[in-house]
Amino acid sequence: DNGDGTDSSGVKTGPGVTADKITLGALTDMTGVYATLGKSITQAQQLYFEQLNQAGGVCGRNVELLVRDHGYDVQKAVGAYSELQSKIAGLPQVIGSPIMAAIAENVAKDKVLTIPAAWPSQLLKVPYVQIVGGTYELEMINGVDFLVREKGLKKGDKIGHVYFEGEYGESALAGAKFAAEKAGLTIVEQRIKPTDNDMTSQVSALKSEGVKAILISAGPRQSASLAGVAAAGGLNVPIVSNNPGYSPQLLGTPAAKALEANFYYISATQPPSADAPAMTKLVGDYTKKYPKDTFDGGATFGYVSAKVFGESLKKACESKDLTREGIYKALQTQSAFDSEGLMPVLDFSKPGQVGTRESIIQRPDSKAKGGLVEATEPFTSDAAKEFQLG
Amino acid sequence: MTRLLELLINGLSLGAVYALIALGFVVIFKATEVVNFAHASLLLLGGYVTAVLHDDFGFVGALATGIVVAAAVGALVEFVLLRRAKARRDVIAIATIGIDIVLTAELSRRLGTSVLALGDPWGDKVVQFGGITIAQTRVAALVVAAVLIALFLTAFKYTPWGISMRAVAEDSETAALMGIRLGRISMSAWCVAGALAAVAAVFIAAFPTPGLDRTTSLVALKAFPAAILGGLDSMTGALVGGLLIGLTESLVGGYQNDLTFLGRGLGDVAPYAVMIAILLIRPSGLFGTREVSRV
Amino acid sequence: MKPPDVRAQAALSVRDLTVSYGRAVRALHEVSLDVPQGEIVTVLGANGAGKTTLMRAISGTLRFHGGVVSSGKVTYSGVSLNTSPAHRIVETGIVQAPEGRRVFGRMTVEENLKVGGFHAPESTKKRVFDLFPVLAERRKQRASLLSGGEQQMLAMGRALMARPKVLLLDEPTLGLAPLMAQTIARTVKEINEQGTSVLLVEQNAALALRLADYAYVLDVGQVALRGPAAELAASDEVRQRYLGIVDEQIPVAFGTRTLSRWEG
Amino acid sequence: MSKLRWAPLLLLLLPPFYLDAFWLHAGLFAMAAAIGAIGLNLLTGSTGQLSMGHSFFLAVGAYGYVYFAGESDGHVAGLGLPTPLAAVLAVVLAGLAGLAFSPISGRLSGVYLGIASLGLIFVGQHVLFNFEKVTGGYNGRSVEPMRLLGLPFDGSTDLVVLGVPFGAEERLWFLGLVLLGLAAWFANGVLRGRPGRAMNLVRDQQIAAGVLGVPVARVRGAVFTLSSMYAGLAGVLLALAFQRAVPDYFGVMLAFEYLAMIVIGGLGSVNGAIIGAAFVTLLPQLLTRYADALPMVAAVGGEGVAPSDAARYLYGGAVVLIVLFLPAGLSGLRVPFLTPRKETTP
Amino acid sequence: MTAIPELVVKDLTVRFAGLVALDSVSFTVHPGTLHAVIGPNGAGKSTCFNVLSGVYKATSGSVHFGRRDLTTMSPHRVGALGISRTFQNLALSAALTVEDNLLLGRHRLMKTGIVRAGLRWPTALREEKKHRERVREIADFVGVAHHLNIPVGGLPYGDQKRVELARALCGEPRLLMLDEPVAGMNATERLSMAGLIVSVREALGISVLLVEHDMGMVMRLADEVTVLDFGKRIATGTPAEVQENPEVLRAYLGEEVS
């Protein structure tokens, strides 16, 4: 049975909600290709729910996060989902585009509010899936805008775009093309696979095309290689990366110099070094709980997405409806979600829309906390405002 | 033009590294007629040891240790699996897959999510000539590979070890009759392969690649076609195969805009496409020898 | 060449040796024989008599054929060799030139000799080349391209490179033209005169008996006859056995079972 | 007697009435894998032809079904055929793919074939990602639920059997059971008949095989094709279980897992393939689910070995140990009803 | 079963990297006769067999079986003409039972393909049954019937040799080629094997090509003997003639024969 019912205080309850506990699920990757991201997000989310429970939980219930590590293996993920499905009220975390794709239909069928740790506009189409932050497309659009405004790219210039085969890279490409169109620039494509770790041939290709800047939508390794090779090869142009494309650890590699010189990183989350009290507190709590791990953007995102869930639960409790439907409705009542400066203000009132179209450009900096400093204020380019999502 | 040259040189240097790995396959195959699918994890192992030790031991010391450890584990595999298993050769090969899975899992666990630098002396330095830029590590890779392979070809031709190895490969019983210690030979082969893997690991993880991480071992997947298309029992084959694969990969990457009709991102496919094409013409590779089985 | 105390030493001796392949084939049954120091001893026997098996047992290569010594033992100057691996046996000075030459075809003559004795002094190599001048001429040639006779010489030369105390020869004249066989015979004598004991397995009885001091005849894994070579050479039995003049009648229309053609 | 031997298998009819979706899903994956493993075992175990490209043919089957059964929309094309027909066609397609490879599979053997077939996986991945009209590209495609005699194999219509609501998993369970049964039955027929004997001889005595009138290259080619069709069927079942076909799944690791299955279960034996498949597919699922309960294995994020790593240690190690000490695999152990009537171990 | 054609080997030459295994050898096996090929080890006897059965390709020369030219045929084609052989070093499938090994001998006479076998098609079952019966007959004739259900690997060497012969007979041959059928057998085993060969001819009237080192046996059984030495044919004739032939004596004993 799916646990529908009404408790003593007249709160309607659904799956994953018992008298004293609300259970949420996370399909994460702790052992696969996205382990870095998975670990940060999961730990941050566990941190949040811990704090939430210490503060009395929701509706007099503790909130518990059931974490399942799928190691980026679709089969395990689907298995894990079918296990969690009947036990949970919502999914604050799902990592991996193929995995999200594989469970999307069931998520819709089971009406489970899901926050993916993947940011393609594609997902906005799926009911009950809420993207927190911008999408890959929007990041790239704002990125191109940044290049034009701050880096002096002009009509007719060429921009290289090195991107992963797959949803992430190709969504980003769509955004880049849209923005380039608007700004009269042309994109030079270089598609790569996650196994390509040496960007030499890509760089020499881009170099001979005479690109004025490079966008990269890949992993941290590829970013590092790209920056290093480009600098070494005398291709001193700005490099702008999507948010999965950077990790502070890169500053320990030979590419550090090059990164600090030319590399920019777009994200909807504030860098750990941002001087918002909430951020300082979060970084403090996090590093206290997980001393061995470096705090990064993933953690910020994890914390905020958990918070989004937490707030939705509270609202749902107020309106006496903790069913999955109820939680989803509660989410949509929040048109100006304030993460106290961890992220821009988020609007969840419009189904099928992103929380925000703003992006923050950041620079690597070995001295700064989390290895990143803010390069621009949060902003939304005109192109980003026009862009049709989904 | 410079682009082509750059791609060619890069391809060659990349190929040199593949050749080192392929050489590992060949040495083991010659001595024991087994393809060692655990080679990938030996590579990761050697790299890992080098990476974690270079702060304390310095690069050379760390690399030396890495080489020794990888060699030792290779020897262990030979001792535990090869000496005892009675199974068909290709079944033993499958068993090495098992070893690879375990070893890789363990190393990935230790590596976790980190990207480790190996502290190699070349850093991100490059050499420039005539508008062509190429990373020093690549040059080093070319040189080291060339030296090592030359060394091996000579060792195989002239040293007692090399001659014994060939004797065993051709007729182990008679080799034993002549006083050659079979166990020692096959174990030495596995040691050598391990050592080669460790060396290759350095060049794979060094600049232009950001460093060593759990995905590093995947390059072994590109060395398979190298070894096969060259001929599993031919050193020359390993060299040629490696270079061929390196060039293919580099050119396909560099000219992907002109190859869009094949779909983008051919990096992984091309080596295998080349290999299959060659196997269709020469079923035992370019330099491989088809042994006539007697009845 | 021959150290003074050699004769004094105990020789290679085989005692009650029983060998079987797998669970099935009993190839040798309680075979005993001796190779006194400095002598040539020959073992005759038809195909499948067990001659090669005997050689394998002595050289410790049975395991390559799934064979095991199920009882009895092989000793050299008192030391048991049963459990020693092949290379150890070679080190003790017992070296074999195996049946069918088994030269390393993909290697040159010179390399083949190297395999025989990597650290052999020049003198040894010189001696081999003196015995087989043709090898010196062909030293750079791939062994597989040598004629059968030359391959046989190479096989023997290769064995000599290890400076054996006891040389085991398994059918050295196998498949050789008569003339070649004579050459081989002469060389064996020469080698022996230089102080090496020889255990010679042959099907070419006449030749073997002419060379040997002492002879054994194996029949289906057992010693059927033994004695000084000269005596055996005289006996008709031996001559018949090898001229194929046997008198056992084959029962035609064997047994009661019959088989009719198949009209499928 | 032999009837009795199979009696315990009737237990397999029960799970849908007692176990939850997780178990049924796990079971489904195991059944699909078992079908694929039987196919691989015919090739590698019985004919001695090493194939490392099995997951390619799984992909062909899965995507073949999705394409034949799926409807066209703006994004992807599809033929919208009746689903059973689509399934059959998908299997045939996989077979054709295998046949197309026979110039190689017929001539090569040993690791040469193994690595050549490894190439198929990379080619396959490339096609899956680029041939978007059919495959839906990186996003994959959703799978048309099977529909037999008007009964759809998904949760859409309500169906209650003996008081148990029969959703997608419950229904697919029985479909899977039937398919696996047929697959195993067919394979046993092949192995015990004329073709099976020829396959074994090709493995053991290649030259003698030729002399006895066995066309070695043709046998190899044919068995390769057959095993591809098994993989194809497995692919179809997997697609139905996933309800969505995604490219990343059909990679090298999967091919390795299939090899692990047949070695663990027992080379050349049908039951072996099934046992091995169950072992390799269920292990990680169980470890993941019961991580917190197991010693050594760490709950997510905690210290110790992560479940998926633990699983790798276990089946990786199992392969090695079995090659060393149990040449006939788990099926070689004398478990009454699991022991094949006639073993053909290499 | 159709009439027995004659086998004509003409100027057959086979070279392997450098060495000449067969040097323009010619001989003819007349229908229904037993033709022996003898010669020292390495003379080229097995090579000759391997060419006749299509395993090796002749460098030059030709082999005809009746009107059919075997010279370039693939092994399974040759088998289809009704030529069966045994192997010097056993070539049985050790893991399979004797019965299965014998059924393999009948492979070319059976039709069942993968599909019918898999579906246990009635014709397949009928065929299987029919051939199992014949296999039992042959096994019984050769004297291995009591082993039918044991894996071949477990049998003594002599019995394995018999199974090889039985397997060859299972091909319902018109020409039977035996490569050292009694090698490694003891006197009694040899005798019974010899008797077996005789009664095969009695029963089936087929041609037999025999390679054997055991002179006694050859001299008793052969209608005609071809002697190879070092790849060359040095004599052909009746056993008596061959025995007298000085060449032959020399090949076996070295020069000085009284």
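First chain written, first letter: the chains are A, B, C, D and E, and each begins at residue 1.
Keep in mind that, in the parts below, contacts are C-beta pairs under 8 Å (C-beta built on N, C-alpha and C of every residue); 3 or more make two chains touch, one makes a residue touch a chain.
The model shown is predicted, which means the values in this text are computed figures rather than measured ones.
Across A-D and A-B, the chain pair carrying more C-beta contacts is A-B. With respect to chain B, maximal separation of chain centres occurs for E (centres as means of Cα atoms).
Across the assembly, the mean Cα position most removed from that of chain A is the one of C. With each centre defined as the average position of its C-alpha atoms, the distance from chain C to chain D rounds to 55 Å. Centroid to centroid, with C-alpha atoms defining each point, chain A and chain C lie 78 Å apart. For the pair chain A and chain B, the distance between mean C-alpha positions equals 38 Å. The mean-CA centres of chain D and chain E are about 43 angstrom from one another, to the nearest whole unit. With touch defined as above, residues shared between interfaces to two or more other chains in chain D number as follows: 129, 207-208, 306, 309, 346.
Shared interface positions of chain C, defined as residues touching 2 or more other chains, are 105.
Residue positions 108-109, 221, 264-265, 268, 295 of chain B are each in touch with at least two other chains.
On the chain D side of its complex with chain E, the touching residues are 186-187, 189-190, 192-198, 200-201, 204-205, 207-208, 210-216, 222, 226, 342-346.
The touching residues of chain C, counted against chain E in their complex, run 21-25, 27, 46-48, 99-100, 105, 142, 144-148, 171, 173-178, 181-182, 203-207, 219-221, 242-246, 248, 250-255, 257-264. Within the complex formed with chain B, the chain A residues making contact are 31, 33, 35-36, 39, 165, 188-202, 204-205, 207-208, 220-221, 224-225, 228-229, 231-234, 247, 249-250, 252-255, 257-258.
Against chain D, in their complex, chain B makes its touches with residues 35, 80-81, 84-95, 97-102, 104-106, 108-109, 221, 224-225, 228, 232, 263-266, 268-269, 272-273, 275-276, 279-280, 283-285, 293, 295.
Those residues of chain C that touch chain B in the complex are listed here as 59-61, 64, 85-87, 90-91, 95-96, 98, 102, 104-107, 111, 114-118, 158-159, 162.
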